[in-house]
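Here is the structure we will look at.
Labels run A, B, C, D, E and F following the written order; every chain starts at residue 1.
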Amino acid sequence: MSELRLEVTGLGCVREGRRLFQDLNLTLTPGACVALTGPNGSGKSTLLRCIAGLYPDYEGTVEAAELSYLGHRPGVSPGLPVLENLRWYAALTGSRVPVTALITRLEIVGLAGYEDVLCARLSAGQQRRVALARLGLDTSPLWLLDEPFTALDTNGQALVRQLIAGHRAQGGSVLCATHQDLGVADAGVLDLGASG
Amino acid sequence: MSELRLEVTGLGCVREGRRLFQDLNLTLTPGACVALTGPNGSGKSTLLRCIAGLYPDYEGTVEAAELSYLGHRPGVSPGLPVLENLRWYAALTGSRVPVTALITRLEIVGLAGYEDVLCARLSAGQQRRVALARLGLDTSPLWLLDEPFTALDTNGQALVRQLIAGHRAQGGSVLCATHQDLGVADAGVLDLGASG
Amino acid sequence: MTVTETLKRWWHQLGSPRWFYEISGPWQTGFAVLALLLLAIGTVWGLAIAPMDYQQGNSFRIIYVHVPTAIVSQTVYMLMGAAGLVLLVWRMKLADMVLAAAVPFGMSMTALALFTGAVWGKPTWGAWWVWDARTTSMLVLLFLYFGLYALRQAIPRNEAAGRACAVLALVGTVNIPIIKYSVDWWLTLHQPATFKLTEAPSMPPEMWLPLLLNVLGIYCFFAANLIGRLKLTILERESGTRWVRELIAGRSP
Amino acid sequence: MNPKRRTRLTVVLFLLAGAGVSVTLVLLALNENINMFYPPEAVVGGEAPVGTQIRAGGMVLEGSVDRDSESLDVSFVLTDYVGAEFPVRYSGILPDLFREGQGIIVQGELNGEGVFRASQVLAKHDENYMPPELAEMSAGHQKKPNPLNYDR
Amino acid sequence: MSLFSAQLRREWLLLIQHSEEVLNPLLFLFLAISLFALATGGGPDVLRDYAPAIIWVLVLLANLMSLEGLFRRDYEDGTLELLVLKAEPAFLALLAKVLVHWTFSGLAMTLLAPLAALILYLPVSALPMLILGLVVGTPALSLIGAVGAALTVGLKRGGALLALLVLPLYVPVLIFGAGAVLEQMAGIETLAQIYWLGVITMASLTLAPFAVLAALRVSLEQ
Amino acid sequence: MSLFSAQLRREWLLLIQHSEEVLNPLLFLFLAISLFALATGGGPDVLRDYAPAIIWVLVLLANLMSLEGLFRRDYEDGTLELLVLKAEPAFLALLAKVLVHWTFSGLAMTLLAPLAALILYLPVSALPMLILGLVVGTPALSLIGAVGAALTVGLKRGGALLALLVLPLYVPVLIFGAGAVLEQMAGIETLAQIYWLGVITMASLTLAPFAVLAALRVSLEQ
């Protein structure tokens, strides 16, 4: 699997009796970045969940490397302080990152000084930033991002681009559902076409 | 109140010991449209909730006309079919709109044929579209929109602009928090400045 | 080599609802006819011809309904547990359908066993109901069936509902040995087993033969019922596929 | 060890340990007697508490059943056939199976004089079924069935 | 459509969507009653004396369980905001919500009461009083409970806090409800306790909707 | 930090954040017990015979109430997805969750048992058996309950469905738990029921984490 980060063959999915997509093929090599586009309800989120292993009822095969998934639900506990959220995630993935490294990551996503603030007390965009800080904490080579720009200001959107660039520079691959322009020059595009 | 849709004087708000904004003045005349901008956590949502009457702990005074509020939570019941959601809202606001008119509104927001589908079965963007269909169902002259572009594809974003334009043409006013360009030519801007 | 290959092919075929739909027709009729015959003979024999018990008199004849229903209700649950395992491990569509199709039958058989037990208990024990281990664990079985039914109703997507029910069905199988051995492990008002695998039944043949017929009959009834329900479920779930459309078109041209 | 394999090992060890402890406990439990009722011996010997709801059981002693002709009152004696017996009073309809020599469970209270006031009388049937003729034939030399198994 | 009937229609549609919910408080009641009968292993004598208390306490608890969901869903999807902001008058819509809740908890449990009485050996003569008490008393449970549900709706896992808030307020209903049946069993012929239940229900009918509205406003501020 | 201890730390932090939740099942237990004492108006003799049943049934119900929140929060904020996807091995993290749940429901209720016994006039001599039964039996409640909670977490208002799924599986614990105390009160000296409780707890400890994981996977698919 050192060659391919993701290999999807003949992927198809039917939901509620409507076919969302069919016979989809996609391979991601190290460093690849693909934008997943399509109108509302065309199945972007579903596709990502199929790949992540959160939605098993698809046709075809999916072979994916170790991956990090950032979905519509950010995966941030409102009842925990910002730093603790990261700390738990680090332990979960088995990566032995020192606390100082976690704080650095918080600085990167613009949450310096918020270490001990409860996530419930953060605005929508700030919560998404906590989720961004998680990306790259573990060493998964494949990122699946579902509308990562949600609720972020322009500064935050630049941050996402920067994170993607950094990940690719280290040989990581990215598949990213978005309605906006991804703003990454050499990104491929997978369009799911018309809704329904 | 036929002159002014909204009159905010000396508005200030402190949350979690941090001052979000102070001495804010804003008046909206009929047909006015103001974009509310600012980085994540600068207090846009809070400001809108103050005006809507959902957050009472502010300084200064707010005088607002009858208003419609579209917040981060879309106000769409997942357990109801699309049409029933609108129907309930119509009854709630006391407007006697015939069902055909409701179906027309659904067509406008691109949900033709989805009348009897449960909202739980819709994608994120489709659910937001149901919320959009609600706007303009009642005759409130003031709209408060919190990031209305969330989860919408380009087509959906154009729809929001169109709805805003239609509302203004009828003498309505709009205050709209957003991170994107509002894309409305003559919109004013209220910037909440740097976070914290 | 060839044996494993045939087994593999067979296993693979079992996973195909279409294959099942096509071969199962004659089986359904066969089981239905057998069930009718066995149940008719067994019931008439048991209720009218078999001798009465020296202690209980005629109320003992409830045995011919009580025991078959009580036994089959447990078998159905075991089958669902097995189907659940197959579904979770091999993702076989047919297993999910079995899981869905068997619930109503199992539920009604459990209810019937409880009901006949209660009716029998009044004259024999002197109470409609007692809380002993056998009766209680049987009531738990009924609630497990309720739970399986409710869980399926509560989850909108068929596939997810099937897997959730599979987990519950598997967890619930621990109840079956409890039902079976409760009369040996604890002092129950319910009698211990009359029929044991290792000993002759403590009942003369003219009493247990009709019972045997009824037990076999109810198994055939279950098989016919299950196949019928499965076929309906298959048509419903596969309604989008070509073969079903062709089938329907072919039937009503 | 690679993490996948370590995980699998953890799981297996966990399962083994759990199964081991469970089996031990089952064996311990089966060793203890768990019958929640008092045999005649315990009632007579004063082990059964007086004045609270309990269950007791035994066989109906032949010739001890005394029915009141005007009401549903009935009294009888429960025995274990090895010397211990106690009187029971009850008012109500008896189960069909209630007869002399039958295993009976009574629910109620023991009073100070050692009389059991039953609020419920339950008959226990054993696993043997036979036609009346057969029963008559074997009646003479058969040992009394003991469905209560209280000596187990 | 008028607001009240529109709200009724909405609640009804939501309920058939989640039709298991109609059965659930009833199943809970039935299960819990069986648990009691099971745990005591008691004969008729023991259970009978306790039946009124057990039934009434469990009705309270079943009611409580179903209350948690009363506003939760609406809160989470944001329709509660709409209701509080836009309904004219909001208290009518809230009354409709509570009415539907009562129909599928209090009223339904009343219909189940004979079964409960059977399991617990409650004498048939005491059954009418049990049913009368339930019919008159359970609306108060839904109404008072709605206030608690409104206060706790914004909190995650508000369930147990809800219990804490609401149960003490349920006490009078419990005492009069169970008391009426016990008196009947003791042979005393009086409707006094039922009248008291009526007083509680009427008082909460008049006051609760406004308290609920105020509580919802507070919950939405968070 | 190892996964197990990190998960423990997280649950602990979340709990002190919502510290009312720690108190709530206990308060529920205490309140409901008082309701019983109130509703019967009974003296010591009546209550005593019923005390083991009341306490155990209410422990079951309190447990049930606290279960609903076990995974709900994590489900809603998306951390449950992360746990199932990334934890190595996930069952350890789940065990840690259940352990914390037990500490603040089962164990805490055990500590409260003497008070409950006092209110219901349970003889002091029966108290050790009550406590022993609770200590040995309540872990099974948390473990079995976790399976039900995992199955229903994706469903709105899953609470009552949870009751339907879980209560039947609680029955053996109830029988042995209450039975042990009743036997003790009747003067029978035996630990058999406690052993059976141990069997149930050990069996569920070994099997439940895997069932929970499978159930969570299904719930996340929706």
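The rule is simple: contacts are C-beta pairs under 8 Å (C-beta built on N, C-alpha and C of every residue); 3 or more make two chains touch, one makes a residue touch a chain.
Please read all numbers here as calculations on a predicted model, not as lab measurements.
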If you average the C-alpha positions per chain, which one ends up nearest the average over all of them? F
Which two chains share the largest set of C-beta contact pairs: E-F
Centre distance in Å when chain B and chain F are each reduced to the mean of their C-alpha atoms: 45
As a quick test, compute the distance in whole Å between the mean CA positions of chain A and chain C. 47
Chain centres from averaged Cα atoms put chain C and chain E apart, in whole Å, by 38
Please report how many Å separate the Cα centroid of chain A from that of chain F, as a whole number. 37
Name the residues of chain B that each touch 2 or more other chains. 72, 78-79, 118, 121
Which residues belonging to chain E are in contact with no fewer than two other chains? 18, 20, 24, 27, 31, 38, 41-42, 46, 73, 156
Using the touch rule from the top of the page, what residues of chain C touch 2 or more other chains? 136, 139, 143, 146, 150, 154, 156-157, 159
Could you list, by residue number, the parts of chain C that touch chain E in their complex? 131, 136, 139, 143, 146, 150, 153-154
Going by the contact rule at the top, pick out the chain C residues touching chain F in the complex. 88, 136-137, 139-140, 143-144, 146-147, 150-151, 154-157, 159-160, 163-164, 167-168, 170-172, 174, 178
Going by the contact rule at the top, pick out the chain C residues touching chain A in the complex. 91, 157, 159, 240
Residues of chain D that touch chain F when the two form their complex: 3, 7, 10-11, 14-15, 17-19, 21-22, 25-26, 28-29, 31-34, 36, 47-49, 52-54
Quick one: which bits of chain B touch chain A in the complex? Just the residue numbers, please. 15-16, 38-43, 45, 72, 110, 117, 121-126, 128-129, 147, 150-157, 179-180, 195
